[in-house]
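For reference, the structures are reproduced in the following blocks.
Same chain, two partners: chain A is paired with chain B first, then with chain C.
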Partner chain A sequence: MALPKRIIKETERLMAEPYDYPHVPLTVFGASSDSLSLCISRVSGINAVPHEDNLRYFDVSIHGPAQSPYEGGIFRLELFLPDDYPMTPPKIRFLTKIYHPNIDRLGRICLDVLKNNWSPALQIRTILLSIQALLGAPNPDDPLANDVAQRWKDDEPAAIQTAKEWTRTHAMT
Partner chain B sequence: MSAKVPRNFRLLEELEKGEKGLGAEACSYGLADGEDMMMSNWNGTILGPPHSVHENRIYSVNIHCGPDYPDNPPTIQFVSRVNIPCVDQRTGKVDPTKVPCLAQWKRDYTMETVLIELRRYMALPQHKKIPQPPEGSTF
Partner chain C sequence: MNIPDFLALEADSESGDLVDLRALDFVSSYDSHLMCPICHCPFVQPVRLQCDHVFCRKCLGSAITTVRSADSEEFPCPSCRTPATRISMNVPRLLINMCDEIQVRCPLLGDGCEEVVPRGHIQSHVEKYCGYRLVPCPDESCGKNTRKKDLQPDQRCMHSYCRCGRCNEDIMEQDFAEHDKELCPSLETTCVDCGTTIPQRTLKQHIETCPDVVSPCVASKYGCQVKIRRADIAIHEQQCPLVSIGPYFEAQNTRLDSLELTMRHLQQRNEIFEDGLANIRSTLRDFARASGNGGRSVIGGERDQQARGDADESSDLATAFSSHTTQYLLSLHESLREEVNQISHALTDLDARASMTIMNECLRIKEDMAHTNAAVNSVRMQVQWLMNPRLHNGARAGGIRTSTAGNESPRTQLTSTSAPGPSNAAGPSLGPLRPRRPSDSGREGTKL
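The block that comes next holds the complex of A and B.
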């Protein structure tokens, strides 16, 4: 099945981003520079690698933003572009466990741009940046994980402490 | 040909359908462990089909979706005792060769497909009168 031009263009654009980790050779990601199927996206602190056997399915990693409880952690996610993308948003979820009021126990994300506020003008790249920003700015008033959100409201320092511990346990191994 | 939905997103779709009760009324299913990121183990129930020895019984099954689901079918094991030819009478495991949707699995089949077919299997003329173990007994 031919991949829509839009998806090819986005993947190419992700590839053209500056490479953030010059000390890590490309081969670490199983990539060679001349093959689209092996391309890597290199948005700041974000990597997205399409599966060779399914170019709509990406392995993603996001670095926890500085000055957040997730700093120092590398979080794995998976992203899938459905048939009707970009008319509908990408599907995306965390694979790394994370303590955050807008992310539930199965890694599902509550973010307006992934639901009602999706626009075809948005892209994989902008969505990943929005998710990184969400890590830096948890929103307990629009919760997905109710118990986490309640704790965030009742005792924010303790919630942040738990988020740091989970980051150490699950995102730094 | 349409995009191939990866395993985990397929299971999330099935989970949401199951949680919202959008599926068939005679069957239900949900995650066995709500924190299992791999979503491998599920609990299912089948309401015994009417006009059979199974009428008004509720059967519990364990469903296991391996790493290669939905390219390969899930494995099913009855928790509730039931006496039908596709179920091993010692372990409760369903013999996939005896259930057509498992034997000729297609990628767009779901856990619901399997539960509905098992229910239909119970209601077949040759199965609907087989004597059953006491209601509520388990393997």
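The block that comes next holds the complex of A and C.
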């Protein structure tokens, strides 16, 4: 089955993303508003590369967001686009161990847009950004890993401390 | 149209189009707003939801069938999740035209068609005009396909084999012409340079490697005029000074290129700075004008500008930046016009203020006049009051006199009391007893 055009395009865009910073442009008295848009830096910290033998299977790495217990860590994930993508959501799983109330021991993620809130207008990029946002804002009220969520509710500082330790041991090598 | 209707229509219109518009190869980039958020291609038969989001008809149909819970009347918009119940097939013509105008390659590029046409025409191109489309052989018993351009006017089957007279190979009739002219292995030709005879189909490769072909020295772009046989070129290249100096030229060229690039950068920066400078200058000028007092400083400022303009002009002439001068003069003109505007504003302002003052003054004067009138009247009254007893006395004396002296005095009395006739008789007699009333005074004043 031929790869749909949409997947090809998304892949191209994902691969084109990590560009070098353009040299900082001069903006004197707003003389060049065009060049201002050039200096928008790449903040995402997201990287997705398809497997050579199966272009529906991606190796993903997400940088832990700043000011979160996962800061400084690089988390690896696997992403698979089912045959009826984009009508059904991609299948995503954390490969790196992570201490998070919405991610269980097997790396499965509890995120509404990956389940019933999926929309075909979403893309790989936006989904990965959502996951990065989930790292920045854990939601213990809708848990997947019950023990972690309970600890997060009972003693948040200790839970955050554990998350930091896990990040250091598993996501910084 | 509501959702079940739409789905029914969508199921009906399972179109057997020749070309999948989503798989096409686009020649140039297109505006990302023309991209369907679901298939990421320019819209194909766009439809619109209530929230004004547009999708391809087919994309929306499959999105609805997979996402919608069974038979609910609503469906969340894939872009904004607004519940939609109706689907509008009316999409602005502009959008459709823009999508149909995007240039695409013929999908039969792999078969040899190199046509580039607008997307709106690709169906008809493939259907009617493209010569590379495979159509069933006109001979129904044959069952093979043939390219459209190979069809013969007489509808003959071109799939029968015929034998090439030279190489004894069986060639299909539709390929025979090509075989006969180029591909037949027995076809031979002579290389014009070395004189050897070679098979025609290898001629191209031979020309690239033939030792006798005359070719220029590798340093020809640096000025070496030598053109000799390929076999001898190695010897020449060892001696040619331009070849040995070649790498140096290369390095220089790359250096020049990078310098040019830097220069362009610097030029851009310079332009930006110049713009900024002009901005500063104009702000300064405005500021000076605003803080100056009255016309004198404005004139001074103008003179200043003139002087500066002259200086600029001369320096610009020196650097031959005529565009800058024009721009400068234009800005000068602009600022002068602004000044004129300001002055006219000030004039109207002054005008209004003057008329206001005049009116105020007038009112005050009128009031004063009224006061004066009142004062005069009261004085008049007093005088009358003072005069009354005397008149009375005079009248009484006159009355005595008239009764005695006949009709001489009534004439004098009549002339003096002609206006208030009736009060004449009672007034004088009551005059001294009556309190003074201001309202009386106006009329009686005429007596005096």
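Assume the second predicted complex is superposed on the first by the 147 of 173 C-alpha atoms of A that agree within 3 Å, B and C clash if a C-alpha of one lies under 4 Å from a C-alpha of the other, contacts with A are read in each partner's own complex, and residues count from 1 in each chain.
Note that in this section contacts are C-beta pairs under 8 Å (C-beta built on N, C-alpha and C of every residue); 3 or more make two chains touch, one makes a residue touch a chain.
As the structure is a prediction and not an experimental result, all values here were calculated from the model.
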First (chain B), second (chain C), both or neither touched by A:Pro82: first
Chain B versus chain C as contact partner of A:Pro120, first or second or both or neither: second
First, second, both or neither for A:Lys5, with chain B first and chain C second: second
Set intersection of chain A contacts, chain C complex versus chain B complex: none
Footprint of chain B on chain A - complex, ascending: 1, 51, 54, 56-57, 78, 80-83, 91, 93, 95, 97, 105-108
Residues on chain C engaged by chain A in the complex (per definition of touch): 22-23, 37-41, 59, 62-63, 66-67, 76, 78-79, 81, 269, 272-273, 275-276, 279
Residues of chain B defined as touching chain A within the complex: 1-6, 8-9, 12, 15, 34-35, 37, 39
Residue ranges of chain A in contact with chain C within the complex: 2, 4-6, 9-10, 26, 28-29, 31-32, 84, 86-88, 117-121
